[in-house]
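What follows is a pair of complexes built around chain A, which joins chain B in one and chain C in the other.
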Partner chain A sequence: MRNITNELREIAEDLLESKKVDVVLGYAKGEQPYQSVPFAAKKKEDVENLIFDIFSYSSLSKYLLDDMYRGKKVALVLKGCDYRGLKIMLDESRVDRDDLYLIGVECRGVLEKSKLKKKIDATLFETTLDLKEDKLAISSSKENVEVPYEDVLSPYCLACEFSTPHKEEVDIILGEPGKMTNKELTTDECFAEIGQIEKMDEEQRFEYWKKQLNRCKRCYSCRNACPVCTCRVCLFDRENPSYLDSDTSQLAQHQFYHVIRAFHISDRCVGCGQCSRVCPENIPLHLLNQKLIKELNKFYGSYLPGVDEQPAPLSFAKADDPDPFEKEEK
Partner chain B sequence: MIEQNFEPKIVAFCCNWCSYAGADLAGTGRLKYPENVRIIRVPCSSRVEVQMIMRAFQNGADGVMVAGCHPGDCHYDTGNYHTRRRMMLLQSLTSFLGMEPDRFIVKWISGNEAAKFKSTVEEFNETLKKLGPADKVRDQRCGI
Partner chain C sequence: MNTVVKCHSVPKLLEVLKELTDDYQIYCPVKQDDTETFLPLEQIEQDELLTVGEILSKNEPPLYSIKSFLFPNSEVYLKFRRNHDKVDFTVHSQQPEPTIVIGGKPCDVESFDMIDKVFLQEPVDTFYKQKREQTIFITSICTSKGPNCMCEEFGVDKSEPKLSDILLIESEKTEEKSDGIYLKGVSEKGTKLIERLAELDGLQKVDNSPNLIEDKEEIEKLCPEAIKDKMEKLYDSDIWEDLAMRCLGCGICTYYCPTCHCYDINDYSRKGEGVRYRSWDSCMFSDFTNMAGGHNPRPTKADRIKNRFFHKLNYFVKQQGPLACVGCGRCAKNCPVGISLNTVLQKIGGQNNGK
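What follows is the complex of A and B.
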């Protein structure tokens, strides 16, 4: 895999120097090992902090809604899933395309830190990574291991069907096309838990989700990190009616929050997996989204939000849709 | 444990143009249906948002019914098609979460189907009596 950090810095410097943009939104190295954090380069001197690596998880498009960037020219670093999120915002006229300079990057997936930790005995602080063509070499003072990418890549990336923004849709594209793993996995294989949960009986399913949802602290990280959760006033921030309060002892409130959250992004979810990744309690939230995507695809034909031009499945309805409610009466 | 003489609370969202008229007709026709159904009149069944249904469960409903015009008969042409898509998705999600999907039904009842309204409510009432109180989806602080 070619390292595109240097090219990115050159472009960013060029853009800032020529005053084409006011700010370049990208990633910088975080304090933790293998962590990349969002970073805004406003001056020429900031540019050297910019990086792009396999830990650049978060989607940056939601920063555009911030007052800070209103009316400014912004350059944005975009992976495939980030572009899909931005496309939905563009379609809804939340941001103006003319104000943006899009730097598409060839993404080959991001690494999942929890998977990486399982592969090694040493802590992440002590290890160094070497990205080889088909394997990832992890070395520390204690051990040297090589693992195939499909074992450490994020499951969302293994199921990804749109890893790189199209050339025509962005202003410039960096890197070279290709996949990190040669193994083609279907969505069902990547999210095998959905099948397992579907097979359980109702009582088991309830117990499973009770255990998961009761951990929720209602920090709303999943909502805030989601690139397509962009309502001007969020339902949960509304004061009249105020649906939820701060009490986290009630399962019903957790159910309410998670059902509504998943439902509201059901036909918009781009499958980046950021909701589960940011969850401090590791609740598998992506399973709810993926379940809804699965249902929508099953009944109303396959649809990729932010890629396909046709309208989203919940934005229209047809007379000949399957009717699950009248069946029993016939 | 199912308590003796448990009377379930049913919230029925009825579309103004069909199901509400159907319920009205049941009243004028002196058809007796279970009195534990609370009818909420909505302009169209597609007015019913997911949060309304979840809110009803949170605050003490044992069952929720959404009733609209028969497909093809909608006063606004396509409203109930939207209801159908949305409610089907909600049902599959609640069933995935193990939240007793039987407590939530969607029915198409037209303005002259008083008998269907009666039988639907009766049937639903019986189902809910068997299921017992909806403790799994209720906010325990709601005082019911």
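What follows is the complex of A and C.
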């Protein structure tokens, strides 16, 4: 990872000095332990703050839609999933490829901090990480443990089928191909909780989601962080008519928000995992999204948003499409 | 002198408090699905009681602040109903039930000092005032500071907060043994409750609570006036745009902040009847200042971030005196892109220059 950081700084300096771009949008170290935050390098002196590591979570493409970035030439650091998010925006003509310089990285997955915390009886402020060939060594004043990467990687990364943007589609690729773990897990194994929830009866399932969603504060961070939630005016922000009541204590309103959002991104989700990660209430949104993806794949065949060239399954209809509601209606 | 009662453990204390559930709504923090949340005491399962103790003994605030007990996320003001060619209004006045909230931290109760300044000034916010009077806060004091804590810098006494009703003090634990939990009445209503608790089985009146605070570390307080002036110079700075370039414009920093108190008023109606209610709003949302007609005086994210920090570190000082922050560190902990009050303090020359 360290070499990606160094390569990245060299490229960034070059891009800024030669005025090829106005901004290099990447990551910098945050104030919290093992926190990498989005960072916009605008001048040469900023470049030394740029890093890329296993905590570089955020999908940066979404920022391009913000007025602040409009009209600027932007260089963008992209993992595989990030590229998929950007690809959707390019296909929808939301951004202009000519304004962008794309820095792809060979991504080996990101670590999930919540999983790390569970592995050791200390706060992350007190730990040091050592990235070994096949295991991650976590140590603190209290204990030292070594854990296999599959225990601490994001489930999305374990299930990832597209970890590096295609060479032809980006301007440069940094890093070397490789994986953190050689263990091959199926998507179902990566998201094993879905299987457990499927086994519940309807009432248990309702209780499960009720308990989870009751904690939602409707801060909309999950939506705002999502690289494929790109509507110009979000349905939930519309004031006239207003579709969502602003009463933030109502479970029904939380359900409405989450179910609608889950459907809206079901054939767009690129599996970056950021929605679950940003949620301060640890609501397992990934289970909701991943379940819908699973169902769509079952009905319409496998489809990888932002990778496969055919149109998204819910954006068109065929006469012989399966209609799961058919039976109920008759 | 303060009245003090002692109990041997947190689960025991909660069990005793259950006897009061006829007279009080009692809430405490509990861990469910790996997430800290406040729940009514009677909804807490036996196997979760231990997590209550864990949360209380942390030197760090729980995930969610306790402000929602006085200023709920949503609350109804008015009810209305169509009556032929007229509309009938009724003010929705509901005398709040007596409530006990366990588990706020010193920073959390002291945040009411700021909210009081806004809501208890004329015109008084009666909804807030009634709840303020009816709620007893049992604050679990801190013996050291957590990783993001800056209470002392903001003038909060982490072992003796002024606004708490009752202090919960856990005697120092040795390996497995703890000598017990002490509850010390501070305010009038807190002391009254302690007197009542002393009558219950499982709690005993004792002379005094242990004094756990070793020699206090001398932390110099931030000077509100000096910070205010430093902010003034930052009005046209680039830092707001720099922060805006990574901010998501979500509601986390405001919703989790114990001193933020903005709300919006909305109507909900169906078939000729409805309610008018207020619900939390966030100055970080783009529609916060959107006006009828479409004009938005804070059109960009940079404007909004600037406003949030100016409100905390400048406007509030001008209008009310103190800084509108108690240093709880929740913004630092929860912001997905690492923007916190400390980020701005550092920009204005660090704490040391802020004196």
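Just so we're on the same page, the second predicted complex is superposed on the first by the 319 of 330 C-alpha atoms of A that agree within 3 Å, B and C clash if a C-alpha of one lies under 4 Å from a C-alpha of the other, contacts with A are read in each partner's own complex, and residues count from 1 in each chain.
In the analysis below, contacts are C-beta pairs under 8 Å (C-beta built on N, C-alpha and C of every residue); 3 or more make two chains touch, one makes a residue touch a chain.
Predicted model, so just to flag it, every value in this text is computed and none were measured.
In the superposition on chain A, A:P148 makes contact with neither chain B nor chain C.
Using the contact criterion defined above for the overlaid structures, shared-chain residue A:Q250 touches chain B and also reaches chain C.
Once the two complexes are laid over each other on the shared chain, residue contacts for A:N282 go to chain C alone; chain B is not touched. Once the two complexes are laid over each other on the shared chain, residue contacts for A:S114 go to chain C alone; chain B is not touched.
Once the two complexes are laid over each other on the shared chain, residue contacts for A:A40 go to chain C alone; chain B is not touched.
Once the two complexes are laid over each other on the shared chain, residue contacts for A:M68 go to chain C alone; chain B is not touched.
Comparing the two interfaces of chain A, the one with chain B and the one with chain C have residues 247, 250 in common.
Per the touch definition, chain A reaches chain B in the complex via residues 197-198, 200, 202-210, 235, 241, 243, 247, 250-253, 255-256, 258-260, 262-263, 266, 288, 291-292, 295-296, 299-300, 313-314, 317-319, 321-326. The touching residues of chain A, when paired with chain C in their complex, are 23, 25, 30-32, 35, 37-40, 58, 63, 66-69, 114, 123, 125, 211-212, 215, 217-221, 224-225, 237, 239, 245-250, 277-278, 280-282.
Remark: chain B residues 50-51, 54-55, 57-58, 71-72, 78, 81-82, 84-100, 105-108, 136-141 touch chain A in the complex.
Chain C contributes residues 32-35, 37, 63, 72-74, 147, 241-242, 244-246, 248-252, 255-256, 264, 266, 268, 277, 279-282, 285-287, 290, 300-302, 332-334, 336-338, 340, 342-343 to its touches with chain A in the complex.
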